[in-house]
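Common to both upcoming complexes is subunit A, partnered first by subunit B, then by subunit C.
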Partner chain A sequence: MLTQQLINGVLASGIYALFAVGFTMIFGIMGVLNMAHADFGMVAAVAVVWGVSAGLAPIEAVLLAVVVMLGVALLVERIALRPGRRYSGDAAIEMPLIASIGAGMILQNTAAVVFGNKAILFPIRLRGFFHIGGYLVAQGLAVSLAIAAVLLTVLEVLVMRTGFGREMRAVAQNRNAAEIMGIHSERVILLTFAITALLAGIAGCLVGLSYGLVAPYMAIPYSIKGLVAMIVGGVGSLPGAVLGALLIGVAEALTVDLLGSQLRDVGVFLVLMLVLAVRPTGLLRTAAGG
Partner chain B sequence: MGFWSTILLSACVSSIAATGLFLQIRGGQLNVGMAVFVGIGGYVSGALGTRAGFPPLASIPLAVAAGFVAGALFAALTLRLHHWFFAVTTLALSLAAVAAAGQIGFLGGNLGLTQISFLTDPVVIVAATIAACAVAWLLDRSPAGLALRAMGNDQVLAEVFGVRTKFLRVVTFGTGSALAALSGALHAHRFGTYQPNDLGFQNSLLLFVYVIVGGKTRVWGPLLGTFFLYTMPEMIPIDPRAELIVFGALMMLVAVWLPAGIAGAVAGLATRIIRPGRSR
Partner chain C sequence: MSYGSLRAVHGASLTVGAGEAVAVIGSNGAGKTSLLRGVMGLASRAGRVAFNGRSIAGLRTHEIRRAGIGYVPEGRELFPGLSVREEMLLGGRLLGRAERDRKFAEVFALFPRLRERQGQITRTLSGGEQQMVAIARVLMGNPALLLMDEPSLGLAPVIQDAVYAALDTLRRSAGIPMLLVEQNAYRALGLCSRAYVLELGAITREGESRALLDDPAIQSAYLGQA
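Moving on, here comes the complex of A and B:
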């Protein structure tokens, strides 16, 4: 039973990692917390539902969802986050945080008005199980974990091995110095933001794929768990975010095993408090982090 | 009871918690899980009434004390966290609290407490609101209020100038939580029930919106914000489902263009009328 729960925990962590990496990349490069980040996933997921119900093929609906979601994300960046770059000090963090909470409220409640405040059946589902060595492995979550692993590997290569990645790291380290060196920092920030939004969109669709349901308010728990995973792993570190997500997934699984499935969120909180008490900077923290 | 008096009394009850949240935000403790501390008041007062037979006027002060202790304890545990680290911790707390409250049989489990004795006297509610605002106003004017403001601007700098930031953080967060608990207890005795979902993120978010839109730099900002956001949807015919979209848009507008909120705008306007020729 414990092994089965641990398998479930590791499987669930793939989706958490995709959200956590997005949060940490935005924080690393822009120095802000985008509270509407996970809502981009919700936007993509409901856009897929809408596309399929309008008669599109699933693959067309996914492409449409990506376009819609990127448009929404860039709009949020323009309205809610970019004005924050005028400020310095605490206001530079606080203003985008508040504005992006507002943006998240708009996205969630618009979706609730358009689609109704209820869970919607996701048109692409994988609800079966693999039977491996006597244990059940949910197919949807396994596919999600595999996709997350591939995406995060590509991302790590992009950040650490390419010219664009070097520009990203330079902007994260010191935006002014990067500008002086001829890096177009605004372009780098926008591209990074689009990449993180894409990760969130994919993660949102994977939630639908794995659990079969999406809802206007579904992003709230993922948002909280992604943020917690980012802090636990160490802000600004991609491997840290993945480690944090893994820890959250396993902690949830252990809480379910020891205390029952209703209390899984308590486990997340306890892990956060424990890590912050022992290592307030997170488990892995790089110089690039804020 | 009339329609408007119901709305205004609800606004009174919420404004107490919003004023508490103001004190916390003022000191730089961005609490995005305030409903948990509101809920401590509701649950403690409700449980004392239904399980031990306390009358409301005896259980509410105990609930306020419980709110103070819980808030001070949480602040003491999170002393090292700043800004959004703190914000995320309160978010995780609100998620955990809803799950935990649903599992405690003594508190009625997922259904929550029911048949809490009623206390709907408007005089009590208005008196509590005035008392809460007076506490916040006195605190804001006192030397401690100045220290609080300094800490909210820059904690390290405040420490350099001799502000005992740790003590201040614990006490102000406790005071804010005590006000929140008062609001929760009044809510519980007004409606007779208290449920785990009352601790949830949506309620915390609403309180946060009241403070931000009202203005987080003036002590009467949260009061103004709460009353504005309670009465506005009743006066302007908007679809109740679209209400939160409007709230979100207001939050964005205020964050980007009006950092001091409505209170800041009103104060700026008043200064300009009273002393023309001078900007604030």
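Moving on, here comes the complex of A and C:
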């Protein structure tokens, strides 16, 4: 039973990692929390539902969802986050924080008005199990974990090994210095934002694939877990976000095993408090940018 | 012939001609740093700034760099998590591979220390080495004009010597025009042929460095002599 729960925890962590990495990249390069981040996942997921119900093939619906979600994300960036970059000090952090919470609520409520405040069947589902050595491995989550691993590896290579990644790290570490080196920092920020939105969108669809259901308010628990994973791993660190996601996935599964599923979030926050008590900067916090 | 020219007007009007090294000397708070930040679009500015006959007053900072102005800021402004090589790659990122390799060799010839330290994170370098990185990364981008803010600040005299020797080589061999802002007037006047004296945001004197060095008023105010 314990091993089975560990497997479940590791499997769930793939989707958490996709959200957590997005949160941490936005914070790293923009210095703000985008509280609407996980809602981009919901937007993509319900867009797939809408596309398929309108008669599109699943792959067409996914492509449509990516376009819709990127459009929504760039609109949120323009309206809720960018104005904060005109300010310095606390306002530069608080204004986008509050505005993005608002943007997330607008997205949730709009989806609830359009689709009804209820769970909707996701048209692409993978609900079976692999039987491996006497243990059950959920197929949807296994596929999600594999996709997450590939995407996050590509992302790590992009950030650490390419010219664009170097520009991203430069902007994250010292925006003025990046500008005097001729880097169009605003464009680098926007591209980074679009990449994180894409990760959220994919994660939202993987939730639908794995659990079979999506809903207007589905993003809230993923927001919380993504943020916790980011903080546990060390804000601004990509490997940290992945490690954090793994830890809270396992903690959640173990809590379900030991205390029951009503208390699943208790384990997540226990991990958070424990890590903050021992290492207040998070497990893998590096100097800057990461 | 005027190859590069620079004009900042706000109680201060100055020009840098082709192949010329020009100093701006002045005490702390005279506005030297603000002058350069204004040129680079990092501080609010009123007035005209022209480079190669083209106004750059409306451009943003990265566009000013791409127009050809290399800037070595006060305090160096390195990226704390990048290596020496990565800083230099950023500086030369618009170059083709062959040109970039040639540039690396050229800059390493000027600062042999940096060749040894390529893989090191810049935050862990000494102050003098960091200053060399700040200059080296700008040189990687083939600037047509160099703006330098207090390259000797906070460095031990022997390190200052090394940095200034490199700048002198640069001035003589590469002929890159420079505008050098310095509190250390003696060093600046030694490197540059011409200089302006900036006091409280306004230019109060200008002339050949040699003449300024011999001027008793300059000597007592900026060169620490009675």
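Here is the rule we go by: the second predicted complex is superposed on the first by the 288 of 290 C-alpha atoms of A that agree within 3 Å, B and C clash if a C-alpha of one lies under 4 Å from a C-alpha of the other, contacts with A are read in each partner's own complex, and residues count from 1 in each chain.
Here is the rule we go by: a contact is a pair of C-beta atoms (placed from the backbone, for glycine too) under 8 Å apart; a residue touches a chain by one contact, two chains touch by 3 or more.
Please read all numbers here as calculations on a predicted model, not as lab measurements.
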{"item": "Which of subunit B and subunit C A:Ile106 touches, first, second, both or neither", "value": "first"}
{"item": "Touching partner for A:Glu60 - first (subunit B), second (subunit C), both, neither", "value": "neither"}
{"item": "Touch count on subunit A, higher of subunit B and subunit C", "value": "B"}
{"item": "Touching partner for A:Glu156 - first (subunit B), second (subunit C), both, neither", "value": "neither"}
{"item": "Partner chain(s) touched by A:Leu97 [first = subunit B, second = subunit C, both, neither]", "value": "first"}
{"item": "Touching partner for A:Val268 - first (subunit B), second (subunit C), both, neither", "value": "first"}
{"item": "Subunit C residues within the subunit A interface of the complex", "value": "40, 42, 60-62, 65-66, 71, 73, 77-82, 86, 89-91, 93-94, 121, 123, 137-138, 141"}
{"item": "Subunit B contact footprint on subunit A (complex, rising order)", "value": "33, 79-80, 83, 89-91, 93-99, 101-106, 108-110, 112-113, 117, 220-221, 223-224, 227-228, 231, 260, 262-266, 268-270, 272-273, 276-277, 280"}
{"item": "Subunit A contact footprint on subunit B (complex, rising order)", "value": "28, 30, 32, 77-78, 80-81, 83-85, 87-89, 91-93, 95-96, 98-100, 102-103, 153-154, 201, 205, 208-209, 212, 239, 241-242, 244-245, 247-256, 259"}
{"item": "Of subunit A, residues touching subunit C in the complex", "value": "163, 166-167, 169-170, 173-174, 176-185, 286-290"}
